[in-house]
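Each chain carries a letter (A, B, C and D) given by its place in the written order, and its residues are counted from 1.
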Amino acid sequence: MLIVMKPTATEAEIQQVVDRIEEMGFRGHKLPGRQLTAIGITGNKGPVPAERFESCTGIAETISVTQPFKLTSRQMQAEDTIVDVGGILVGGHLFHVMAGPCSVENEEQILRSADAARSAGATFLRGGAFKPRTSPYEFQGLKEEGLQLLAKARERTGLKVVTEVKDTETLPMVAAYADLLQIGARNMQNFSLLEAVGRLQKPVLLKRGMAATIKEFLMAAEYVFSTGNQNVILCERGIRTFETMTRNTLDLGAVAVLKEMTHLPVIVDPSHGIGIRRHVPALARAATALGCDGLIIEAHPDPDRALSDGAQSLTFEMLDHLMADIRKLVPIAGRVLGTLPS
Amino acid sequence: MLIVMKPTATEAEIQQVVDRIEEMGFRGHKLPGRQLTAIGITGNKGPVPAERFESCTGIAETISVTQPFKLTSRQMQAEDTIVDVGGILVGGHLFHVMAGPCSVENEEQILRSADAARSAGATFLRGGAFKPRTSPYEFQGLKEEGLQLLAKARERTGLKVVTEVKDTETLPMVAAYADLLQIGARNMQNFSLLEAVGRLQKPVLLKRGMAATIKEFLMAAEYVFSTGNQNVILCERGIRTFETMTRNTLDLGAVAVLKEMTHLPVIVDPSHGIGIRRHVPALARAATALGCDGLIIEAHPDPDRALSDGAQSLTFEMLDHLMADIRKLVPIAGRVLGTLPS
Amino acid sequence: MLIVMKPTATEAEIQQVVDRIEEMGFRGHKLPGRQLTAIGITGNKGPVPAERFESCTGIAETISVTQPFKLTSRQMQAEDTIVDVGGILVGGHLFHVMAGPCSVENEEQILRSADAARSAGATFLRGGAFKPRTSPYEFQGLKEEGLQLLAKARERTGLKVVTEVKDTETLPMVAAYADLLQIGARNMQNFSLLEAVGRLQKPVLLKRGMAATIKEFLMAAEYVFSTGNQNVILCERGIRTFETMTRNTLDLGAVAVLKEMTHLPVIVDPSHGIGIRRHVPALARAATALGCDGLIIEAHPDPDRALSDGAQSLTFEMLDHLMADIRKLVPIAGRVLGTLPS
Amino acid sequence: MLIVMKPTATEAEIQQVVDRIEEMGFRGHKLPGRQLTAIGITGNKGPVPAERFESCTGIAETISVTQPFKLTSRQMQAEDTIVDVGGILVGGHLFHVMAGPCSVENEEQILRSADAARSAGATFLRGGAFKPRTSPYEFQGLKEEGLQLLAKARERTGLKVVTEVKDTETLPMVAAYADLLQIGARNMQNFSLLEAVGRLQKPVLLKRGMAATIKEFLMAAEYVFSTGNQNVILCERGIRTFETMTRNTLDLGAVAVLKEMTHLPVIVDPSHGIGIRRHVPALARAATALGCDGLIIEAHPDPDRALSDGAQSLTFEMLDHLMADIRKLVPIAGRVLGTLPS
């Protein structure tokens, strides 16, 4: 259930409603919007009778919410959430490109990648310092040294840094360096990690799990949201199907559905979505024309020698070519390409 | 194995190679290209020694083909196949839109649909007269009456007619009316039907089976091809996955892979690909920007009263809006919108 | 809707109800049971008012049927259907084993297979004469010669013959030889073929499609049933999933659900279900203990030299060993091993 | 690579080989067997030349290991691993039943469940105290209070306790109470948690992820193994497919493949495998006859009022009936039902 306050409601009136909710044994979540504040109720098993709020003033209307994901649903908030990542706004009519290597490998590699991403028109640098790998015997990332190199690349280029956090132990360290905390597909239902990033106020990039339904994906976002952090960006990165000629099956239909069901920004990862370098630009164009809020793309100075995901990383030249197409597609999809502050 | 003849090779030289292949107990398929002819060999279990052709003149080179689909592979023919559907060319740099209702329901419905499709800029009218339905108790189509109505709509608008053929019994009847014979997803591995349309020279639109891999899809096209009919257009229409919020999962990654592996045109059906009317335009834009060779879209004068697939049929107004976007996207994808001869 | 007649109802009373149904524009299906006859109604869009039958005598009760598959549902018929295949009864408390090679290859191979199947305790000989193959370049079966060899093996051993029919063209020929007509997984939604076998009274073995839901599987059986043939045996043979280490994923859960939802016999094909010879016995044991009505197993005198499916065919020695386990498991599952008349 | 030492090899000879491996920059894992010790090498990118060990004495042979999962593969260790859970041995020819509710709800519920499990013949009591739930608004478990109640039930019945650990934060607490630490399906690729349980010596029950391939499942076990803990039991619990009539699709084929590929015990969870109470016994029988090493089954004193998973929990009466069948099936599958020490 959602209680929408009048634009003229005072802070005291809002607090009175929250208190009333908590007296009933439920939780009240203040959801401040541009013009008015709504209050979401969670923890209730069935419908909450609206008459329980009759004595409260400042209420415009009460709305019943039928989805199991509440705070993240469009029913709760019709207007798009815009996530502020250190001054860069993601969501609404803005379209952002995040680019960089799968893993940070060394200083030269990450600085060259940052320069190339910046020059292509990206606003975020991606790069993993802690890598969850299927095999215990594969490269697991440079860890704190990788984070330091990302920070150096940020200083040099002004790009925001998005990097994966793989567990609660290393969360404080990663959060100290990252602008945007990525939760990987394998951790989408690591609820302890979701709650831990929920307790921070850092923006979060949540990737869809390999076999997660749209509903489960939104429930995972709801974990972050309900713990207090409303700065969540969703990322479709391909699901697992019977087809083996591509690494994953990019589910662009899910992006269309998500844009309708939730107010959160939704970006697309075409690199994991197909896993084959020469096909990444085609899927990136498709996702842009569809109407997503941005792309996260793997690019590397020398993809064939990359320590991870080389097969799906673009060369910088491919990235430049792709960006030329994206600049044409973004306005057709009703969006504006986001830029760094000059 | 593929034997590429010199551009100067005579018909007699070509025939000599085919004869030699057949002496060896295999089959030789002449594959005439724009500048030269190649000859595909099928029926061989292992590699065919090139020296067996030493005494033949006019051979430019012999190429080993490693894919199980041979005649449809890019290894066999590097240049795009262009399928001539009654004077309308599909494939190459051309992009075509096919539009119309799921089923032909009555004269008014199909004529209004044809007018709307023509006015939006489509070159093909779709409409089913024989409908394979999951339940024996559902509407199975108007049968020959439906075909006659399609022919009437063609006469009135000049649109080419694409309609489904569901079995060999009704194939001669459907072939007498259709310009382009559609083989539905459920019949993708109905090999008897594939061979029967292969023996005709009518253009074929082959839809991907719900659980068919890319390789199986090409093997199905190979059935048509190897029986003699080289006028095959492939259609991606969504695969079956664990996600239930959408009717199917449109696999645009497969389209990118297909465009590389085969010389056949590949179009996309966004209507079945998602099954939800309001999301069809987004997927149609995505497929266009990706670089497919056309779209087949369901549209109906009154979708909510359609006898089949109403939930995924566009209104004509939605179709018009979508076509405006498509006109902008087609050139970005390096293509030209196909038109009817004036 | 289902109309259950009193045990004392006369043929004239039954016919009167059917006539009344047809006056209403629907179809009435007589479903004779052991003690009484029921009449199923199909073709109705919504509920049929029971009062329309008030003037009919001999009616015990009317039952509303909520599943889209009607005639095949347990709601329509609570007791198990027992399919009589030339005197061998399938269903009820009986458990049958069908064994033999994937394809009939030559006389010696099929006679040796028949002897081995008979000696192991099977009651049916399997063997394909018309083989639908993914590639047009693979062995397609011996055709009529194969059917003749199957008939010869039947004469020699008394085993019933189950063999695949792949299209309506060859149906009369296959039906002339087979005791049980197999419809393969790829043809599960070949509705023209389903209707054609429905018009015969030959018993049918219908295999589940690779990506068919339980509901679609029952709808396919409904096609056969509603066309008049009630002698249908279902066969679970594995579905397509993301797992690639096994050929298919045998869905034994579906067998449990099917046994509850339909009155038709359900058997299991462990050979296609896993595709790996040495694991077939384990799955065969599992299916038997679960409570299915029989098994269809590939066995070959020399599996490593088989023209098709050798990798999943048992040797005769393996078949004998497996049958020893099956004899112990069948009674635990509350069944009796079916035998040939002596 | 695997180095097999002679049965007569001394501890010093073994250590010399390990030292040599580490000088080469790799890791050596001692794998003591019943009669001899083998040493696994990990961390190498390609083959390790056997001649590097020429000067070492006590080596019987060197074996190349081609699977990416090394320590858990049958190539590394041919004989079954037997996991000792507080004196109860799991693996080898023993078959164990673990039973109990999804969640611990209160003292009466868990004690009654323990009594019923013990009386039915189970050796382990299952029950969740920390519950990872798809929605943040669902019951998350009694936490430490739940663990204390499990300990109380263990004291009363002698049953071993298996309970889920959901994160590294609560691992020490859960490990203090549990005999067998369960890692749930959603955490199968939570590598930080796998490493943390790997550093303990507690036995681990690792459930297969919903979309995990057999290979990924073994790689997850490899994480635990390679960190030092060799007491791992695998659990197949159903995978996610397109079928929606069952909660998951139990993949018994994977169990057959796992028993061949790895020396670890493999048990089956039929409750999550189908999610429908009345079908759980059928799948439990199937898994037993197949030849797995045990079952984990949900049972509850009043399933319809359970706080979680009630729809798939057996009543105690159903559990008793099922156990009667299992007692008959276990010897047919070549196993012996494990019991509590009297």
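The working rule: contacts are C-beta pairs under 8 Å (C-beta built on N, C-alpha and C of every residue); 3 or more make two chains touch, one makes a residue touch a chain.
Bear in mind the structure is a predicted one, so any value in this text is a computation, not a measurement.
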Third chains touching both subunit B and subunit A: C, D
Label of the chain whose CA centroid is most distant from the centroid of subunit B: D
Intercentroid distance (Cα basis), subunit C paired with subunit B, Å: 35
For subunit A paired with subunit C, centre-to-centre distance based on mean C-alpha positions, whole Å: 50
For subunit C, residues that touch 2 or more chains besides their own: 211, 240-242, 244
In the complex with subunit D, residue positions of subunit C that touch it: 211, 213-215, 238-239, 241-246, 248-257, 260, 273-274, 276, 278-279, 282-283, 285-291, 325, 328-329, 332-333
Interface residues, subunit B side, partner subunit C - complex: 42-43, 68-70, 132-137, 166-169, 186-187, 189-193, 195, 209-211, 216, 219, 222-223, 226-227, 240
Contacting residues of subunit D [partner subunit B, same complex]: 211, 240-242, 244
